[in-house]
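Labels run A, B and C following the written order; every chain starts at residue 1.
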Amino acid sequence: MSIDMSVSPAPLLPPQLMQTEALLTMRGLSRSYGAVRALRNVDVTVYPGEVMGVVGESGSGKSTLLRMMNLEDTPDRGDYRLRLPDRDDCNLFDLGRYQRRMLCAHHIGIVYQNPHLGLLMRHSSSGNVAERLLIAGERSFDVLRSKARDALDASEFPLARMDARPAELSGGMQQRVQLAKAIALEPALLLLDEPTTGLDVSVQALVLDTLKRLQRDRHITMVLVSHDLGVIRTMADRVLVMRHGEVVEQGLADQVFQDPQHPYTQQLVHAKL
Amino acid sequence: MSLSSLTKPWAATSYGFLDASAKRELRRKMLKAIAVPGCQMPYASREVPMARGWGTGGLQVTLTLVNPASTVKVIDQGADDGVNAASIRRFISRVSGASETWDTLGASIIQSRHRVPEETLREDQILVLQVPNPEPLRGVEPNMSIARQMHADADYGRLWLTLYEQLVRKGRIMQGAAYPSLVNGRHVMTPSPIPRWDVPKLNMAKHLTFLSAGREKRLHAVPPYTKVEPLVFSDRPYRVEDHQQLVCRRSGIAGYFMNEIPQDDGSSSFEVSDSNLGIKAIRRAEGETVDIGQTWYRGGEFSA
Amino acid sequence: MQTTEPLLRVQGLAKTFRMYHLDSMLHAFEGISFDLHAGEFLLLKGRNGAGKSTLLRTLWRSYLPVDGHIWYRSQLGMIDLARAADVDIALLRRQEIGFVTQFLNARPRVAAQDIVAEPLRLAGHAPDAALEQARHWLGEFGVRPELWRAYPSTFSGGEQQKVNLARALILPQRLLLLDEPTASLDAGARAALVRRLADLKSSGVAIIGVFHHPGDVAQLIDREIDLATRVIADDSERIDHVAL
């Protein structure tokens, strides 16, 4: 290979080496709720195995973006693709309710800030995990039991309490049940919406530690939404900064935190340092 | 030809009690129900001279099906001589001119509450079950609109979850009657409050079954030769009630679904629940020539 | 495997920090140009604040350069690190470019030997072999065997630094950036570090380093770049007020 150092290509987009294919690609997402423009022409790319952090203040659109990723909502405009084995490439927003449900059941896990959104409080913890497997068609009781146990164990949930109702558990434990439910089917994408907000600092550290372990051992691709820069800094490989429904900056996590380019990001980072 | 020769003479009620438009609506809904096995079809549910909840759904279906050549059998918990069963049977025959019978083999329409007769039904027979609650998802989703969406999506995870929870908490599935069953591999139905014993009789049956809920204004159907599979885990087999070894204290027959009769000394004795089968067995034992048909259960084992 | 084509060619590199809240610009350096070949050891010199660490971090892309090019001959082709996509930088950081600082990113509940073995595990080595190598390098840098299974988050600064070096240097990279790796090291560990760097250098790894005491690595140094001559602002007046 000859190197022509004199010619410097000036492409509009950063030249990307070809071998890393994106897992998630969202293009031109816009969504208004009445007069509120929750998302304005948002582009996101997430690569396999990475943790993408999304930061921004309340109302910046970060949770709306996550709901879109979980196909809970459809934008006014925009394109969403996931590169999954054995699946035709298509705009996922074109899918109907049933197809969305099956896709999410098999490939996308989500942990909400509010456990009531993600859990059936009057069923057992193991049952909450088993429901995911039942939707995907598992019909052996023993397999359900052992898979639920494995997922709870991987989430570092105390197995002696696996049949306790989430309503009887602490906030940190409820998040672990949500996490177990989310990873029970080895999803391609794990979405985390403020998973540790509202927990005690010590409990928060333990839950984040569990997430890091899962990331290290299973290489699960994660999108982590948080207004807490400390959480994002601990977890994320790359960071997306949102404000008023727009992406104002994105980059490698160390770069965004050490050399923020946008005035808003600088303000955000300096406020926290 | 004059108008008076074309007009039917005045009558206090229409044939079969229900007016023509009510029967036409029911017929359409029944045909739809056959076309989509196990799917609940809403219908208007007219007033009949009986309180809602006492079998008005079954009665409306029977009144729509009946004609002067029909022979009608009505049972309540397996018995033909209950007050409710006798009243309904007499009402049907009075408004339609159909014959009445207690014998399963001789009936063309069998309206039933809580039981499927023990003698195997034929292709020319129709079973009409009275259903109090047609919605298997009611326990997991109180919102009817969402429940309908769940049926549309075959979203039965929550229903399975309740069975999982029963196994976790009690070690066995506690559902005694109206066991949720998958019809034709697509819709889950609740097969009226028939015991677990009777659910296999609906699977690939020769006869047509209508299940109609008058108060809830919905009906569904299991057409002949249609799969009906109770929801069970692959490693926890479906079990019917342990009635194989029980003997009827009056007729002496065994291997059928029994009614338990508590005794003063705290023990129990048993009578066959399908009372006309018991009557026929007693008559045969007394030397009469009685025709007893093939039964679904033989020697206490299901064999269809 | 010496080649006439450089592994790294830096051309007219400049870094300025624009600080919106102060309404000001901070010039770190500009007009930096140099070539680096495989197996070369380049020392960055200059006073405190001359921009040595800033240059290293710009090459590593923690800082985004404002001008110039960082042509890097990766195994996948030429790439300008100054403009490359984040995902490519992330990939190169995993596979080809190493950055060694004085600080260990210790994670709770991960044993020292597992932290050290991790780069090998990510590169696809068998668990047992990776662990064996990890123990070897922990021993080389003078971490006592009874600490190998302990959690480094509880270690002293010096011990953490040894674990950090063992991890950073266990998997040979093609380009290694060293930011004062000898600070707070005892003599034994320093000697082990120099031995390891010499090995890596002779196997063709290109190294750019900033050292408090360059004497430690004097025999490895091929060339030096003195940043002082290129720095615009003095340390005392680094914040250059310009109209925005």
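Observations on the structure shown:
Definition applied: contacts are C-beta pairs under 8 Å (C-beta built on N, C-alpha and C of every residue); 3 or more make two chains touch, one makes a residue touch a chain.
Predicted model only: the values in this text are computed from it and were never measured.
Path length between chain B and chain C in the chain contact graph, taken as the least number of steps between touching chains: 2.
When C-beta pairs in contact are tallied for each pair of chains, A-C comes out on top. Centroids built from CA atoms put chain C at 79 Å from chain B. The mean-CA centres of chain A and chain C are about 31 angstrom from one another, to the nearest whole unit. Between the Cα centres of chain A and chain B there is a gap of 50 Å. Chain A meets chain B in the complex at residues 97-98, 101, 120, 123-124, 126-127, 130-132, 134-135, 139-144, 163. Contact residues on chain A toward chain C in their complex (touch as defined above): 1, 3, 5, 8-9, 11, 13-17, 19-20, 45, 47, 50, 205, 209, 212-213, 216, 237-238, 250-252, 254-255, 258-259, 261, 263, 266-267, 270.
Here chain B touches chain A in the complex through residues 149, 152-155, 157-158, 160-161, 164-165, 167-169, 233-236, going by the rule given at the top. Per the touch definition, chain C reaches chain A in the complex via residues 5, 9, 11, 17, 19-21, 57, 61-64, 69, 71, 73-74, 76-80, 83-91, 107-109, 118.
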